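Heads up, the next two complexes both have chain A, just with different partners, chain B and then chain C.
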Partner chain A sequence: MAYSSERSQENRRGFLDPRTKLALVLLLALFVMGGLGGEALRPAKTAMSFLPFALLLIERRWKSFARGVIMLATGYGLLFIMPRLPGVLNYFALFCGGILTRFAVTVVMGEYLIATTTVSEFISAMEKIRMPQAVTIPMSVMFRLFPTIASEWKSIRRAMRMRGIHLGGARASQVLEYQLVPMMSSTVRIGEELSASALTRGLGAPVRRTNICRIGFRAQDFILLAGCLFVILLWILESIGVKLW
Partner chain B sequence: MKTDNKLKGRDLINVGIYAAIYFVILFAVAMLGMIPIFLPLLSVLVPILGGVPFMLFLTKVKKPGMIFIFAMIMGIMMLLTGMGPWPLLTCAVAGLLAERCFRSGEYRSSRSAVLSYGLFSMWVFGNYLPLFTDYEGYFAQRADYGQAYIDAVQRLMPLWMAPVLLLACFVCGMIGGTIGRKLLGKHFEKAGLA
Partner chain C sequence: MVELKNVSFRYGSEESGAELRNSLTGVDLRVETGEFVLLTGPSGCGKTTVLRLINGLIPHFYPGKVEGSVLIDGRSVTDRELYETAMLVGTVFQNPRSQFYNVDTTGELAFGCENRGLPEEEIYSRIDGTVSRFGIEKLMDRSIFQLSDGEKQKIACASVDVSGADIILLDEPSANLDYEATASLRETIKLWQKQGKTIIAAEHRIAYLWDLVDRALIMSEGRIVRELSGEEKKGLSDSGLAAIGLRGIRQEAPESIELPTVLPGDDAIVLRDFSFSYPGSAAPLFDLPELRLAAGEITAVTGSNGAGKTSFLNCLCGSEKGCRGTLKFGGRLYSAKERQKLCFMVMQDTGNQLFTESVLYEVLISLPKGTSDERGRAMDILAGLDLDGFADRHPQSLSGGQKQRLAIACALASGRRILLLDEPTSGLDHAHMMQTASLLERLRLMGTTIVVVTHDSELIRACCGRRLLFGQLA
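Let's turn to the complex of A and B:
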């Protein structure tokens, strides 16, 4: 079998360019979660909210898609039954519903970005928009470490729980010291190994790195980026006082 | 130190490692801020809990620029998590101040390390800024959280809280820094990590 790394890269290539994904995350964070633009942009925001779900379907990430849908459904469900609940529960349901519906979309988009972008794709995309290394290297290290930290923390919590060190346990006051410290030291150790391996592969070297992964804008990127520009344009028009509809 | 002052790959990777730890802690704590009473308390909790990773980070800082980059990364992460552009500004200011402070201690002095973390912690205030600069608009946007939430937050966050919160960030940063220093001596130096 003729092995061609070029072709294998082409096969693994995602549906979107990392730059497009980043633009979408930023826009969703600012408009949908940050609430920029207010009520006037509501239709555009609703349209944008469907996007991450569609993208997950295109990339065949069924599990993430299901999780996102469940989050949204729970949120709207809570908002729906809210008026029928008594007293404190009413407030609680409204509040949880408000948070879930607000955050679900951006969480799903973030998950999409992280799940479908490899570190090399991210770095080569950042090099193309001339982002300085001072930003790209720490950022890519961070995104590489988040899942590691999460799993480390989970195991440490489990181990400490056995000794009664958890919130509500017999030694709850020691939670901070006995959970954070091991989490940090193991992360730092993992990070040091990561750093050694990244340096051997020439990250941060003074020369320009080459990269095997294929990125570039295709039709779908142009369509989505045009959509982004359109939303920004609407927002500018709206904030200088033009009545949109 | 008269060695090369340019930031190398290893320094930037170190920034990333500690920024990741700091952000995870920050994020876990910030989730509490959804409960109204914890919203002002975030300016106490974040600086105190973040003290440990930041103090550990400062032991790796030997060149100018690393603290500033750390702060800017936090600003970018806040932008990506929907806190708006204000934290970018406070991060730049707090990062520069912290940088200068730690540099004046020649990247060694533990007293300037604690003070530097106090200054750095003031960036947290940027997350409150949208609330104070546009009091009405902020609550209009959060209408879907329910009137009870809005009432509670308005009671907890009158306008005069702004300077109090900024001060709280600074003071609690110093406390967090001191705790961080203590834990550093107790755990990390023994393990050869600091």
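Let's turn to the complex of A and C:
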């Protein structure tokens, strides 16, 4: 059968709408990572923390799921053994464990957002919430640049090892500085070439863009967004002094 | 119809001092609708600048002073907004890694039409048309990070095709491509010619399109110095082209050049059970029970894009984690870690391996500890590579060829005995390619073993004495 881009777009449609994913990242960042709502909201926060992991399983992102679980397990492991450790190590374990347990869930959610959202879906979602192009375009470039920066970084690290510059080597103190020099110039160059290419393809025209990707709220989006609203409601009630449980 | 009337251009603003390189002086050019014109000439001659004037990136994106007029169908490009020009002109750029705005192939094909606000149904049918004409069903709905350079360039061409632009600009599109991918690019261009598109290509490697072009314009220092068409174009030989500083027009697959891998009299470097697999993948990319390379010779490694040649080099110099196996050189076995001190690799993206703020310092940190008169020794090495005049320059401000020579200078300073190069001549003109070839020959005479991954048949002809066919071994 001949290739049909329309059919394939339909098949590739993500489990969630990008707007739902963004709302979840925001909420997790505020409540779980930022600690908004304090102890009173703990049950809601615990429930929310399972969400990104469940989503990764639904989208079959086994690797990201495993990475997230390991991050979280290491964090709790450190907090668990912390009281049994001597002096400085104790402090170190508390510090790392605290950061890991606090950040891991939100990081996993962010990773889920980046990994399962195409640039086109992202732009489309931003347009639906009437975000101006001046915000959308730089953010979408960031989407594109992250994986590129990661691969440049890898190649620079490789080059440094080959030149004998590494932590523990002769010039350990300059390692960071040396990494940044090529990193900055290659990121600037790639960013410039990306922009040039996008401009020759009409990005920024003062017309209403179309988008071929399929986004839109479905049952799962409504359920999760209702959950988000519920958490916010709890937080408002709690902050005006209503006893929750 | 595209016209340049007495166009002069310099990059940069007046205050910062205009840069001479890549500037244009009094260029007159007229390309009729449906014509295919080739712009060629040494690096820095201004051919890319001409393309940027036509697609409007100059002066809208790259600032500078434009004199004269650039017209498409009688209307000035300079006065038009970039997005208006974008509907008429499509561009395929040199670097396949940095011309995609999307992370998935289908989104990329749709991008130009989406920006223009075409209705969805129209975009779907255009994409489907292009996909079947280009035969790229297998590349659809993929992440662009999983594609080889050849496949990426194919998607870049396809997205220009979907946009429906009648004028197509090609800015060294073959620089990173192997022989097969270049041949496929040629087919794409033939398709466009048949449709009556106007095509203007800037290229060093002219062999793959020499017989297709209607006219070839040779540029030098910002001027069009010669125009070849008809009989005159047909009558030119490789040596005639070399005399005017151009690359050859003979299409030759690097695989078809007959060279031995090792000769009976060679000192051999022996690789045993050399294998590599990507982390998480069970099947090895290559697995070589025993492989011999000639020590003290220049060996070309050839094979198609994606066969694992670059990974092979990374394994040789011990910087690849998923690599197993040993290397025996001069009666000694080297582990991966020890190989890091034996081999030096000049990467394709040379800028990524230069870390300091001056050329001299870059060489100084490469010298082994305890070298006497470090400065003098470093300057000697730089002088040997014509870089002594640049000792105080920032490495990242050098041209591509100079960066490459600086990386080689670091290799010499570090005293490594095996030098690996990854596509050292991609995007180089004839003169610079020959310069690299003679430099490699000089290093060989100094006793260095050189392994160079390349699909540049001209480079192989110019300096390689041995050849390893990669891909068939694996």
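As a working rule, the second predicted complex is superposed on the first by the 226 of 245 C-alpha atoms of A that agree within 3 Å, B and C clash if a C-alpha of one lies under 4 Å from a C-alpha of the other, contacts with A are read in each partner's own complex, and residues count from 1 in each chain.
Going forward, a contact is a pair of C-beta atoms (placed from the backbone, for glycine too) under 8 Å apart; a residue touches a chain by one contact, two chains touch by 3 or more.
Keep in mind the model is a prediction, meaning the values are calculated, not measured.
> Touch check for A:Arg12: first (chain B), second (chain C), both, or neither?
After superposing on A, A:Arg12 lies in contact with chain C but is clear of chain B.
> For A:Ser185 in the superposed arrangement: first (chain B), second (chain C), both or neither?
So A:Ser185 meets both chain B and chain C here.
> Just chain B (first), just chain C (second), both, or neither: which does A:Ile99 touch?
Touch partner of A:Ile99: chain B, not chain C.
> In the superposed arrangement, does A:Gly204 touch chain B (first), chain C (second), both or neither?
Both partners.
> After superposition on the shared chain, which partner residues are touched by A:Leu26: those of chain B (first), chain C (second), both, or neither?
Touch partner of A:Leu26: chain B, not chain C.
> Where does A:Leu194 make contact in the superposed view: on chain B (first), on chain C (second), on both, or on neither?
After superposing on A, A:Leu194 lies in contact with both chain B and chain C.
> First (chain B), second (chain C), both or neither: which does A:Leu176 touch?
Touch status of A:Leu176: first partner only.
> So, does A:Ala134 touch the first partner chain B, the second partner chain C, both, or neither?
A:Ala134 sits against chain B, while chain C stays out of touch.
> With both complexes overlaid on chain A, does A:Thr118 touch chain B (first), chain C (second), both or neither?
Touch partner of A:Thr118: chain C, not chain B.
> List the residues of chain A that touch chain B in one complex and chain C in the other.
The overlap between the chain B and chain C interfaces on chain A comprises residues 140-141, 177, 181, 185, 189, 194-195, 198-199, 203-205.
> Under the definition above, what is the set of chain A residues touching chain B in their complex?
Residues of chain A touching chain B: 25-26, 29-30, 32-36, 38, 79, 91, 94-95, 97-99, 101-102, 106, 110, 133-135, 137-142, 145-146, 149-150, 153, 176-177, 180-181, 183-185, 187-189, 191-192, 194-195, 198-199, 203-205.
> Over in the complex, which chain A residues touch chain C? Could you list them?
Interface residues on the chain A side: 2-6, 8-9, 12, 63, 118-120, 140-141, 143-144, 147-148, 151-152, 155-156, 158-165, 170-171, 177-179, 181-182, 185-186, 189-190, 193-213.
> Touching residues of chain B toward chain A in the complex: what are they?
It is residues 7-10, 12-17, 19-21, 23-25, 34, 49, 52-53, 56, 65, 69-70, 72-73, 76-77, 79-84, 137, 140-142, 144-146, 148-149, 183, 187-188, 191, 193 of chain B that touch chain A.
> Under the touch definition given earlier, write down the residues of chain C that touch chain A in their complex.
Contacts found on chain C: 55-57, 60-62, 81-83, 85-87, 89-91, 93, 95, 97-104, 106-107, 109-120, 123-124, 127-128, 131-132, 137, 140-141, 145, 159, 163, 280, 314, 317, 319, 340-341, 343-345, 347, 349, 351-357, 365-366, 369, 396, 410, 414.
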